[in-house]
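Once you've had a glance at the structure underneath, I'll fire off some questions.
Think of it as A, B and C in the order they're written, each chain with its own count starting at 1.
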Amino acid sequence: MHGLPQADPTRVPAGHAAAVALRRRPQLPQLQISRRVWIGLASLAGTFLLWWLLTDVTGAIGPHRFPAPAEFWAALVQIATDGYAGGTLLTQAWYSTRLVIMGFLVAIATGVPLGLLMGVSHRAEALLNPAFLLVRPIPPLAWIPLAIVWLGLGDAAKILVIWFAAFVPSVINTWTGVRGVDRTLIAAARVHGAGELRLLWEVIIPGSLPMMFTGLRLSLQASWTTLVAAELVGAFFGLGRVLDAAYRDINPPMIAVAMLAVGVLGALTTRLVAVAERRLIPWRS
Amino acid sequence: MAFMTIADRTPHPRELMLLSLVGAALFFGGWQLIAISGAVSPQTLPSPIAVIATAWQLAFEPFAGHTLIEHIVASLGRFAMGFGLAAVIGVPLGLAMGRFRLLDDIVSPIFEALRFIAPLAWVPFAALWFGTGIGGPVMVIFAGAFPPCLINAYRGAKLVEVRLVEAAQTLGAGGLRIMAEVLLPGALPSIVAGLRVSAGLAWQSLVGAELIVASAGIGYVMVQAQSNLAPAIVMAGMLSVGVIGLAIDVALRRAERLVKSRWGQA
Amino acid sequence: MKDIRFENVTKSFPTRSGTPFVAIHDVSLAVAEREFVAVVGPSGSGKTTLMRMAAGLDHPSEGRVRVGGREVTAPGPDRAVVFQQFALFPWKTVRQNIAFGLRCKGVARARQDEIVAHYLRLMSMEGTEDRFPHQLSGGMQQRVAIARSYAIEPDVLLMDEPFGALDAQTRTVMQEELVRLTRREPRTVLFITHAVDEAVYLADRVVVLARDPGRLREIVEIRPVREAEQWDERPIDEVMDLPSFTHLRTQVWRLLRDQIRPDD
């Protein structure tokens, strides 16, 4: 293959250099990133050590107040294998998660369209605002007693309350997102011939997505908080029930296990929303 | 674009006000009609008038041990303690974490680990440690109110221009003075916004805690009413909760606006 | 192709104090078919208001705006607008942005692709189809905005200080490109700018507005001189050096100068 220029082995191939330049990552010295991680790990290790010292070793905090690491582990194993309050950790966790997902999905299915409606139409907003303003300041947890009066101690009441908790942030954040869309973009769409539907679907909704996702995150948080509360007040099954039963049995290790489970699930679901956000919003607005 | 007024001209304010009145009338009127018509029993859905009458009545007649006003005072007291504690610990800590990287590195992992535990999940431990006394609800309120205080103070401190801190340093200010006179005022808008969110969460956590582990307070009232199948009282309780929560939010919004107008946005 | 007619147009805005603010007072102006008219004036002379009324984004308080003989009531694809801030949809790629108006018109996908490719080639932007606006420089973004408007073959093109947000070098390049584009595919253009150089270089006629209240001051003919001296055959730096160019520029500048106040 003569005729092609010889590659100079001392030069970096153009492709690689370009790729490196494109990535444009800020040059943090390797040392600094590790340092933060190291200190973090040390901190967590230190806390663990403290925990162990205060409970197992010195007994400064009695077993009836807070479990020692060993007890915690034993309880975790117990619920994971034999189960507690009617089910294993997985079944209880799934039961609660299922309720959260159901309530959450219904909430965004109703809240986002309502937020869109109130956002694009000042008239719709004026009409619906009074009802919304009245209902909004009532904390979702405050609906629990009413929900139980109406629907009993079963799943339906829980879903109603979760729905309500997740509904409000969805509406508000979607509404805010719509109102925040750059008016010039709307004008640009109109001058190029967009009708109402296209304007809604291709300009207003994408423009509101960032705020909508903030609403989703808040809704999810509210859903978990409300579920735990609702299950604590009265439930037959679920993580809240586990918490309640552990409390009645005066079983601190199990209480701690249930709390941890709630925390982990909350973090996991939030992470899922963040991942969805990154995939649906690949542009930087 | 007649329907999507956001893409066109905003309708006349008077038209909007009229629509709001119509909306309010439809809501309350509809509610009242449904309650009166007998389609749903008053045991399930009391009319709006019944709710207000009940609230008025409870203000002076005791239910579950105290009058409604006394219950509200009890709730507010717990709220103040829990919220106050969260602010007093959270804000300085957040500022310090924003200023001192080492502190941030140490505290952050612990904070992040605990943060995702729903505040109400602390109730069993709170009940175990404090019984139905005031400590229980306060602890739960603290768990709910603490994160926003910390996070917003931290963010606010980070937003304060490094140059301002450096300027203070070159003028001889020590760590504490910098925190108090440079970081705190600079972060104030963010802090106040955080306090508003925190107060909302505190109020919610309070209600939740009182539903489960209290012997007085609005939440306790609602749970008792629920056991007695008295939805009118439950709704009266909800009304009080909503009104007070709104009042707290409005008050803090004003504070936020005041800070913004004097300090500008961070 | 359509023409634009402003017939005794007045636009006033209500103010808090009660006395309305008159942005434009009794302006009558005609932009012929395929004519490139630049509008210059000090800030507050109502240049942008004029454009917005032609676009249908605002409505005159008195008088009429007609495009192609019909009164303007709402925005539409026959009057495309190029905004100063580009107004590209951040969530759409370059290709999707340019094709937007075509899709509104119902153009078939294959034809859409053809047209998009055509304009990308014309503006030396091949290969950028799948990038998002935030990945492009200011100049490239504005090219995409212009391509988007051109793609729908509007009868009228309204440009509101389209190069205002660009740096000086990019601006010069864009002016040259716009000249190439408009001479090659002439359209009725109403071009708002406060840069006199730009106006004289690009336009067939330059309309000078005055302010307090906004009104028509004078119209300067450029085209005869431009064609006589063959500006379009020369590079922009050469043109801006020609005595004919500087003469016209000074003429316009003088009309503006005595309106500039020290606090501008």
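Everything below uses one rule, namely that contacts are C-beta pairs under 8 Å (C-beta built on N, C-alpha and C of every residue); 3 or more make two chains touch, one makes a residue touch a chain.
Predicted, not measured: the structure shown is a model, and the values here were computed from it.
Interchain contacts link the chains end to end along an open line, per the touch definition above. Interface comparison, A-B against A-C: more C-beta pairs in contact at A-B. When you average the Cα atoms of each chain and compare centres, the chain farthest from subunit C turns out to be B.
Ranked by how close its C-alpha mean sits to the mean of all protein C-alpha atoms, the top chain is A.
Between subunit B and subunit C the centroid-to-centroid distance comes to 51 Å (mean Cα coordinates, whole Å). Taking each chain's centre as the mean of its C-alpha atoms, subunit A lies 20 Å from subunit B. In terms of their C-alpha centroids, the spacing between subunit A and subunit C amounts to 47 Å.
Residue positions 190 of subunit A each touch two or more of the other chains. Those residues of subunit C whose C-beta lies close enough to touch subunit A in the complex are 55-57, 74-77, 79-81, 83, 85, 87-92, 100-101, 103-105, 132-134, 148-149, 152, 158. Residues 1, 3-7, 10-11, 15-17, 19-24, 27, 44, 102, 105-110, 113-114, 116-125, 127-129, 144, 203-204, 207-208, 211-212, 219, 222-223, 225-226, 229, 231, 234-235, 237-239, 241-243, 245-246, 249 of subunit B are the ones that touch subunit A when the two sit in their complex. Looking at the complex, you find that subunit A touches subunit B at residues 35-36, 39-44, 47, 64-66, 119-123, 125-131, 134-135, 137-146, 148-150, 178-179, 181, 186, 190, 196, 199-200, 204, 224-225, 228-229, 232-233, 243-244, 246-247, 250, 252, 255, 258-260, 262-264, 266-267, 270.
Every residue of subunit A that touches subunit C in the complex is listed here, in rising order: 182, 184-185, 187-195, 198, 202-203, 206-207, 209, 281-285.
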